[in-house]
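Take this structure, written in structure tokens, and hold onto it; I'll ask about it next.
Labels run A, B, C and D following the written order; every chain starts at residue 1.
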Amino acid sequence: MILAKIKRTVEESDTRAGRIFDLFIQFLIVLSLVSFSVETLPDLSDSSRDILYIIEAITVAIFTAEYFSRLIVAEKKLKFIFSFYGIIDLAAILPFYIASGVDLRAVRIFRLFRLIRVLKMFRYSKALQKFRVAFSSIRDELVLFLVATVFLLFIAAVGIYYFEKNVQPDEFGSVFHSLWWAVATLTTVGYGDVFPITVGGKIFTFVILLIGLGVIAVPAGLMASALTQAVDDEDEKADDSDDTGSGG
Amino acid sequence: MILAKIKRTVEESDTRAGRIFDLFIQFLIVLSLVSFSVETLPDLSDSSRDILYIIEAITVAIFTAEYFSRLIVAEKKLKFIFSFYGIIDLAAILPFYIASGVDLRAVRIFRLFRLIRVLKMFRYSKALQKFRVAFSSIRDELVLFLVATVFLLFIAAVGIYYFEKNVQPDEFGSVFHSLWWAVATLTTVGYGDVFPITVGGKIFTFVILLIGLGVIAVPAGLMASALTQAVDDEDEKADDSDDTGSGG
Amino acid sequence: MILAKIKRTVEESDTRAGRIFDLFIQFLIVLSLVSFSVETLPDLSDSSRDILYIIEAITVAIFTAEYFSRLIVAEKKLKFIFSFYGIIDLAAILPFYIASGVDLRAVRIFRLFRLIRVLKMFRYSKALQKFRVAFSSIRDELVLFLVATVFLLFIAAVGIYYFEKNVQPDEFGSVFHSLWWAVATLTTVGYGDVFPITVGGKIFTFVILLIGLGVIAVPAGLMASALTQAVDDEDEKADDSDDTGSGG
Amino acid sequence: MILAKIKRTVEESDTRAGRIFDLFIQFLIVLSLVSFSVETLPDLSDSSRDILYIIEAITVAIFTAEYFSRLIVAEKKLKFIFSFYGIIDLAAILPFYIASGVDLRAVRIFRLFRLIRVLKMFRYSKALQKFRVAFSSIRDELVLFLVATVFLLFIAAVGIYYFEKNVQPDEFGSVFHSLWWAVATLTTVGYGDVFPITVGGKIFTFVILLIGLGVIAVPAGLMASALTQAVDDEDEKADDSDDTGSGG
């Protein structure tokens, strides 16, 4: 009886309890990420660190309870353990327990594992699910354009290297150094840490920008339109399920 | 009789008097905003300040007259007072009267209240009305993509933090410091105050730019296309009303 | 007889003589603009200046001949003189004759008049004609969006002014100073001469960028799509006239 | 018998041997380009240079074998020699043999010839073939918009030159100097090495950006959409050939 209720709570999101549970876990993930960010602040007082540790401990405790609840109500235990979200749920709590033996604060790399919780967010956040849908729907085109982009960046880097290496041997010391310029320029970020100063280099920059501006923006454009598509599809599904879902 | 004329003047915009009234109020709002801007200039002479004060006083006087005219001709007084524009009209003049007791120039924050007049502009300017229409038509998508954008910026900030914190502890002192870099980079503004200098950080920048450039541009793109849509809709309406409106 | 030939040469562009004439005048305009640019180079030798003067004199002589040819063959002389291109043709040569009395090189502003020749180019260059067509087809929308853009820049400037004025009184000294930041940021140019350094200013930059990036790009986007439209229309016309034009 | 096998290997890409051969040559080209880039690194040890030379020698040897294989199996030998890829294949190996007489490392310009191998890549890489298809499909429009872009950059450069030359004689010393500012600004790269400091120059920048932002992005946009079109066309072809190709 109680098991069925837990099952409905953790696995379904169209019951009241399920919705509250989902929102609560999402809140915990965001809290966990915020406290992760706060922990990176320099000159943090000891009392602040203690509070952050307590938040971390409580979060892990609840995530552990969530993990075992899901395990208990899962019909096929092993399948859950080795499923995508099963592994992530475990990976989101395990580092804490391992690090509890040694001093957590010393082992900096363990902090990074907490970011795995971002992936937990994918189960709950529709916005992030769209990322995954969008990404997988354009994987093939993305690979093609990444090849084209890398090729263009290489040409840009080689070109500017030959124009600028003699005048700016530090900034354009090799093709690899020049690649950084190519990235910053063709994405139009233009930090201003490296830029051509020879006339030839400036003309080359103009030409490569005219051709390349559009190309390097294609992967980003594909991602954006796939994301928009994913949202539209979701909206349609939402419209359909609203009719039946309103009864729950 | 005269009341009906005032009513037509302040509430309708397809009579000649109404059009002139609308343009006059718009001119006053723009004048008010310009004088607000001029007032922020450093080293302003006392005589200039006096002129600005007189402009302000006259503007407020006319806006007060406008407010009471609208109140008088309104059929449901209370409804007007608590309507969106009713509150804005009052908020645009009230600070001046309150501040007149004390010395206006000392209470700097009161000057900011004058910006509420920008909102008055929404009643008159079709261009700004389109902003409101556009904004409300894409609110849901905007929220979704803002979540996605914030998520992406967080990932970018955490990534660059780990690559750069040891080499540039001032610029990338914490995840929050790094967020500023993420904003400036993924919007391609690239001020050049913070940028990666490690090889790892530069490669990470390249990867996150390829994926993120498009995503962070989606809210802006949505706004732009909704705005264009709002203009097209308005144009169609304008075409329809031209047939009947030409008789006025 | 000879008049009819001149008429065909200067007024028609589908005869062989007409095409050569058109190309020759275009070449002269480009030469004139290039020599205008060369003249702005500092430390120009006297002999270079002499060559540039000779080029200028020859160009003006030919343009004068062109002007009188057009005047002679025009059926309605007065109509030609006061037509758009008639005025431009005269304005392109008159400053030279006026300046010949005084020393041309001393009167710097007269040099700027030579740029009027760019407008002559509009008669010959299809690419530039498209600019004019594109521009006039979207004038109404452009005005609307310019209002919206100016409004957005104003909001951005006022906001950043309040966040940054105390910390950077030189860069953000008034709303007008801040407008420059707003332009450089919302167009994503981001020179890096002014940028927020307070936390509030940085967060405000993020918010205004998310909303404003797209809006400020709309006029540019409208121009781009109108230009593309103008090209497509031209292509269709070109396709149609190819059938009949091939006989000429 | 063996000739027919070689023919199938080098000329066809739907047999197993052909596919492996294609991948192997592509790998060699990438290796060759990477080693070219590594060679530009400063302070390279002698042993590293030796390894790079060996890689180069082996690559050239294999490319030579490839060239002669293609020559032998070609039905019309002369046609192959003077075909696009025939010339590129030869140009990719010849410099090595010519430079072997003299000291290769001294003749820096010969290194650049190795970049011709990038063009070899076009035969194998579908992503790069799309570049060529896309480029040739929009050549006419591209020329038109390049004229428009150059015209706009010229106007921008002349304008900013007149506003800034007196205040910043080094950065805006002539129209040619100012062109660099125009390129960096209208592409929104904005390195920050040159920017207007006069009020007039800043207002001019705002106006030219509003109009020009979109125009200068058109060639890039055309390239991007032509590239996307080329990918879609390829996909359709791929879908069609999948039915028959699955039997190979």
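We take it that contacts are C-beta pairs under 8 Å (C-beta built on N, C-alpha and C of every residue); 3 or more make two chains touch, one makes a residue touch a chain.
Since the model is a prediction, treat every value here as computed from it, not as a measurement.
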Subject >> Homomeric contact chain B-chain C: same or different residue positions, threshold half >> reply: different
Original post:
Where are there more C-beta contacts: A-C or A-B?
Top reply: A-B
**OP:** Report the chain whose mean Cα position is at the greatest distance from that of chain B.
**Re:** D
**OP:** Please compute the C-alpha centroid of chain A, do the same for chain B, then give the distance between them in whole Å.
**Re:** 32
Original post:
From the C-alpha centre of chain A to that of chain C, how far is it in Å?
Top reply: 45
Original post:
Which residues belonging to chain D are in contact with no fewer than two other chains?
Top reply: 188-192, 217, 221-222
Subject >> For the chain B and chain A complex, residues of the former touching the latter >> reply: 141, 144-145, 147-148, 151, 154-155, 157-158, 161-162, 165, 169, 173-176, 185, 188-192, 195, 202, 205-206, 209-215, 217-218, 221-222
Subject >> Interfacial residue positions of chain D with respect to chain A in the complex >> reply: 33, 36-37, 40-42, 112, 115, 118, 121, 125-128, 130-131, 146, 149, 180, 183-184, 187-193, 216-217, 219-224, 227-228, 231
Subject >> Footprint of chain C on chain A - complex, ascending >> reply: 188, 190-192
